C-alpha cells in the first residue's frame, strides 16, 4: 500500500531526537507523494510517545510488548517484519542510531528488501526512491537508486534532517504483541552511564578540543595550557579516547557529548561527521589543522592551515600577553 | 573458543582526492591500501580472547588477490588460518557480500564471529548484522567491551551521548566491534614474514555453491559527486606567530577573554 | 620474558649505572644525553634504559606505555658510547635498539611509533603522505631526474616532505647544478632509506627498505650517491654493504668541499657573519666527520667560525634522532634538547647557526622560535650558506 | 592521580615527579649490593624553595624523604628503606659563585664533581678542589654529607673540613644557613659562630644540604703523580709518615690488588705533587725521592716507577667491569695509619675466603693523622651468589675495621649497627635527642642511624 513507515525509538522516557528528525523528513516525502505517513513505536508503555508521534503521522501503531529493555533489536525485528509484510509500505525509515544499526540490517534480510544506511538525503520521484550517502570520511557523496521492489529500507543520518514542528492529530492504533519465542539467548542487563570524573564539557564556555593530530598523550599539556589561558577546558574527538589519552567524559560527538560553547577551538581534528554533529551548536568554531582539505573546515568560522605544534604555543603566549 | 573474524581492505581515505572520469569511482592511481581500522580492533579483540582462553582464529575476506596482504597481517597478529573468497565485490551491496560470507562461515566451526562495526570507505555498518541474521545467531552491534564465561558472552554496546547498554548473549554469537575496545598491536614485517608458513586458503564462489548472477546488487550506485562547500571558513594566513596574533585578537574582540 | 633471546643478554648486566653517559666529553654539564637532559630522571639516562631493559626482560617489571616511551626517547646520538668508560661502550646504542626491536616484535610500541612505522610500510615516509607527492619539492628548479648520471642525489623523507627542509633540498640541488655536477634525483620514485626504521628496531622492515633501494639503485646503474641527510649517509655507508649494496656514498658537505677545492664552485662574494656550527650526530659521533663542514665554512671569506662549548665529540644532539623529529617525545619544555642547544648557539654571540642535516634544521629552527630568538639567530643549512655566497640564494 | 602526587606536581611540575613503576624501580636500587626498596614517588626539585615545599608536604602526610645526589655512596644510603619520596637533587646543579680572592666556590648541592673540575680548569685554572676520585656524576653535596675525602685529603683533611658555609632545609621545612653566610653575604667561613654542625655524617637523616660553600686550594701549573712500590706491607706506615713530614705532597695513597697478577702482593704508593715551575717540581722531587725514599731504594726495599705529569682523575667505574659483572662495593674505614699491614693481610684473607680478587687502598688523611682504608669487592650483577659473597665479605670487613680499632666511614645499616653498639651511651642518647629535635615526624631517610 502506498505509504511511508517510520520506526520511532525511545530510551529512558524520551523519544530519540533522530526519530523526530526522520519523522519530519517522512512527513515531507509523504506530502509530496500524496501518500500516508505511518509511525510505529514499540515498548512496554508507549502511549505517551504515540500521542507525540501523532502530531506528525497520519497513523501511529503503538505496539505494547512486555520484554525488558525497550529497544531490544530481536523482538522489534519480529514485530516490524510482520507489520511490514502485512502493510507493504513503499519506504521504511529508521534512524541510523545505535538501535538502527542493530535492527535495520537484520530486518532487510528478513524481508529480503534493499537497505541503504546513514543517508544524508532521501527523495522520491513517482515511486522510485533515490538516496545520497557521504562516503570516504566525508570527502565524496554517492547517489544510489534501488532495483524495482516492493519495500525499500533507509536509515537516516542523525542530525542531518531538521525536525519541523507539526500539530496534526494522527489516529493511534494500539496493538498487543505476545512474543512466543523465548529470548533467553540474549538478556538485556541495563544501561551504564559513563562514569563522570570531575569534568562536564557541556557546561564550559570555551572548549579546546584535540584530535588524532595531537600524536601523543604527552602533548595534552600543550592544549591544557591554552585552555587555562582561555578559562576553558580540554575536550577531544574519539581517536583521543580510543588511544587512552583522555577519559571518555571529554569526548564530543555522537557517542560522547553534544556541546554548545561560546568558542570551540579544534586542534588537529579531521572532523568526521560523528564528531561535528556534537559541536555544530557552538557560537564560534575555530579550526587549526595542517590538512587544508580536512572536512572540519567546512563547519568552521575561522581556520588556520598550519601545524598545531607551531601555532598553539604562540597562541597561548599571545593570549596571556593580551590578558595583561 | 573458535573465532571467525571478517576483515576488509580499503584505500587510505587521507589520500582520497577526487572522482574519476566515470563518476562511479574515486581516482585510484596514487592510493595506498590498508586494513579497515575497525577490523584491526576486531582482530585484536579475537587475539586477546585467544591469548586468555585458547582456541583458534580464522580470518576471512571476500576480495581479489591483492587482499592477501591484510590476511597475512591477520596471520601475523595471531590468526591460525585465513580464507579468501576470490571475488572482487567492492561495487556490490552489503546484502550480496553477506550472502557470500554466510555461505562461507556456515561450514566453519565457530563460537564467535567478529566484524568491524563499519568500514572507513563506504561506512554502511550493515554486513555483520546481516550475516548474523542469515546464520541465525544472536548479535550485538558496536561492542565496546566483551568477556567470555562458560558458554556466554557479556557485551556492552555503545549508544549515543556517552551511554552504554550491556547484554549477556549465548554463544555462538556475532559481534560488530567499535574502535576504542582495545589498542591494536603493531604488526612487524618480521612477524608477517614468520607467518608466511600459516595456511591461506583461496576459494571461489562456485566452491560455495554461489554464482555472480544470484548476487546482483539491489542498491545501485548512480553517481559520485563532491560534497557542496560548507560554510566558508575565514582563513587566517601567515607565519605561526602572525596567525596566532590575529586569532588571539579576534578572540579578544569577541569577548572570549 | 625472553632475556634468553635478547642479543646482548650476557653483557647487559655489566652497566654499572655510574652516569658518565650523561656528560659531554669536556664534562661541563650533565645535559648531553638528550632524554636525560629533558626529564632529569635516572630512568631516562642511558644507564637507566639498560637497567630497565634487564628488569623488563627478566620479568621484574611489566611492559607499559611509559617504559616504551623511555626507550623510544633515546635519539641514538651515541654520546653514551663516547663517554662510557667500560669496554662494551661501542655496543650501547645497539643494545637499546635491540630492546626496541624486542618491543616491535611483540607489537608493544607507543602509538605514535606504530603510526610512524605503518606510514612507512604504506607510503614510504613517516608522515604518511602520498608516495606520488615525494617529488613535489623539486618545483620549478630544473633539478633533473636520475637517468644514469655520475651522481645520484638522494634527498630522504624529511627533505622531500618537510616544508622547511624542502627549501634546503632545492638549494642544494641548485648549488650542484651551478657546480656543473652530473647528477639526478629519484623524485617520487625515491623511498625511505630506513636509517630511522633501523634505530626504531623494526629490523625486517629496514632490511626490506635497504634491499629494495639497493635493487633500484643497481637497476638504474647508480655507483655514486650524495645525500642531503647524514641519516641517509650513515645507513647507506655502514648498513647497505651488509645487503651487498656497496656504493660510493658521500654526505653533501664532503662533495661541496671537494668542488670548492677543485675550483668548480667559486664564491662571487663573502659573508661577514659570526657563525657557529652544530655537529649532527650521524655525521659526527657515528661517522667521525667533524672537519669537512668546518673547512667549508672557513673557506668562505668574512665568516668567523665560533665553536660552542660543546662541539665535535661532545656536541649536544638536537633531539631529532631515533624518530624523535616525528614522535616528539622530548618536546614541550625549555629543557627540550633543541631549546638547550639553541641557547648554547646564541651564547656564542653568533648570528647564524649552521647545520648540515634536515632533522637538525627543523628541530633547531622550531627551538629558536620557541626561545624567542628568531630575529637574532638564523638557522641555516651549510648548502644555503654556500648558495648565498655563490649568488644563488 | 592521588593527591600527594598532585601536590608534588604542583611544587616541581608534572615532568619532575613520577609514581610510575619504571622510575620507582630505578630509584629502589643503588649501585652496590644493598637489597632494593621501592620508593612511592621519585621527585627532582630545582630550587631550595621546591625542596622546602616537598619536605613540608612529607611532614603533613608522614611520608619518608630520602635525599640523593649521584646516589653513588655504594653503601645503600640512597635506598629508600621505608619507601616514600626519592629526592633526586641533581637538577640543583648551578655553580653560583667562585671567589678567587677568598678561594671558595658557592655551589648548589647537585653540582657534580666532574662539572666542578671542568668549570675550575676552564675559568679558574689557579684553583682546584679536593676531587674524591668517585665517578664524575657524584655530587659535591653528597660527598661532604658523608665526610668524603678527595685528592687534597693529605694536606687539608676531609672534604667536610673544607666547608665555609652550608644552606640546609630542616626536616620540618625551614631553611637554615650556617657560617658567615648566615649574617652577611659572604660565604667565606663556617666558624666562629656557635657551632651547629648537625648535618654531616648523618646520611641525610637530620636535613637536606641545598647549598655548599667549598674551600678551594691553589692549583699549581704542573701537577703529576709519582709511583713508588714496596713488597713489605710493614714498611707502608713509616714511608707514609716520612712523606707527610716533608709537607711537599698532595694526595698520598697506598694500594694493593690481585689484578693484574704481576702486581699482586705489592704495595703501590702514589704521591701527587705540583709546582708552578720546573725548579719547584724538581725541589719537591728531590726532597721526596732522594732524601726521603732514597734509603729504601738503596736497600732494595722499594722501587721508583716513574713520575707522570697531569692528574688523570681515576676512572674508578672501571673496577665495576673487572669480573664483567657490572658492580662493586667497598667498605671504607678511617683507621690509624699503622694498622695498614694488618688491614691488608686480614683483608686478603676475607677476599680469598669469598673467592674475590682482593683490592685494598689506604688514602692518607692529614699528616698521617689517619687514613681512609677501603676493602673493595667486585661482584657479578647477574649472579646472585656472587652478590651474596660480596655482601658477606663487606660485613666481615666492617667487623674487621672495628676490631682493629678503626671507625666506619659512611656505613650501611650493618655498619651503623656495629658502630652504635660500641658508641658510649651518652653520645648515643644525645644523637637520639638531636634526631627527635630536628625530625619530630621521623621522615628524613628513616632506617638510618636509628638509635633504639
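Letters A, B, C and D name the chains as they come in the text, with residue numbers starting at 1 for each one.
In this text, contacts are C-beta pairs under 8 Å (C-beta built on N, C-alpha and C of every residue); 3 or more make two chains touch, one makes a residue touch a chain.
What you are looking at is a predicted structure, and each value in this text was computed from that prediction instead of being measured.
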| item | value |
| --- | --- |
| Pair with more cross-chain C-beta pairs in contact, given B-C and A-C | B-C |
| Where subunit B and subunit C are represented by their mean Cα positions, the distance between them in whole Å | 37 |
| Distance between chain centroids, defined by C-alpha means - subunit B, subunit D (Å) | 63 |
| Inter-centroid spacing, subunit C versus subunit A (mean Cα positions, whole Å) | 47 |
| Between subunit D and subunit C, distance of the C-alpha-averaged centres to the nearest whole Å | 40 |
| Contacts with two or more other chains, residues of subunit C listed in rising order | 111, 369 |
| Shared interface positions of subunit B, touching two or more other chains | 14, 183, 240-241 |
| Those chain pairs that satisfy the touch definition | A-B, A-C, B-C, C-D |
| Complex contact set, residues of subunit A against subunit C | 215-219, 221-222, 243-244, 309-310, 313-314 |
| Subunit A-facing residues of subunit B, complex | 11, 13-14, 16, 19, 26, 93-95, 98, 117, 120-130, 132-134, 138-142, 154, 156-170, 176, 178-180, 183, 216-227, 229-231, 233-237, 240-241, 243-245, 247-252, 254-257 |
| Of all residues in subunit C, those that touch subunit A in their complex | 65, 69, 110-112, 115, 327-329, 331-332, 366, 369-370 |
| Subunit C-facing residues of subunit B, complex | 12, 14-15, 29-34, 77, 183, 185-193, 240-241 |
| For the subunit C and subunit D complex, residues of the former touching the latter | 11, 13-20, 22-23, 26-30, 39-43, 48, 51-52, 55, 60-62, 64, 66-67, 70, 85-87, 333 |
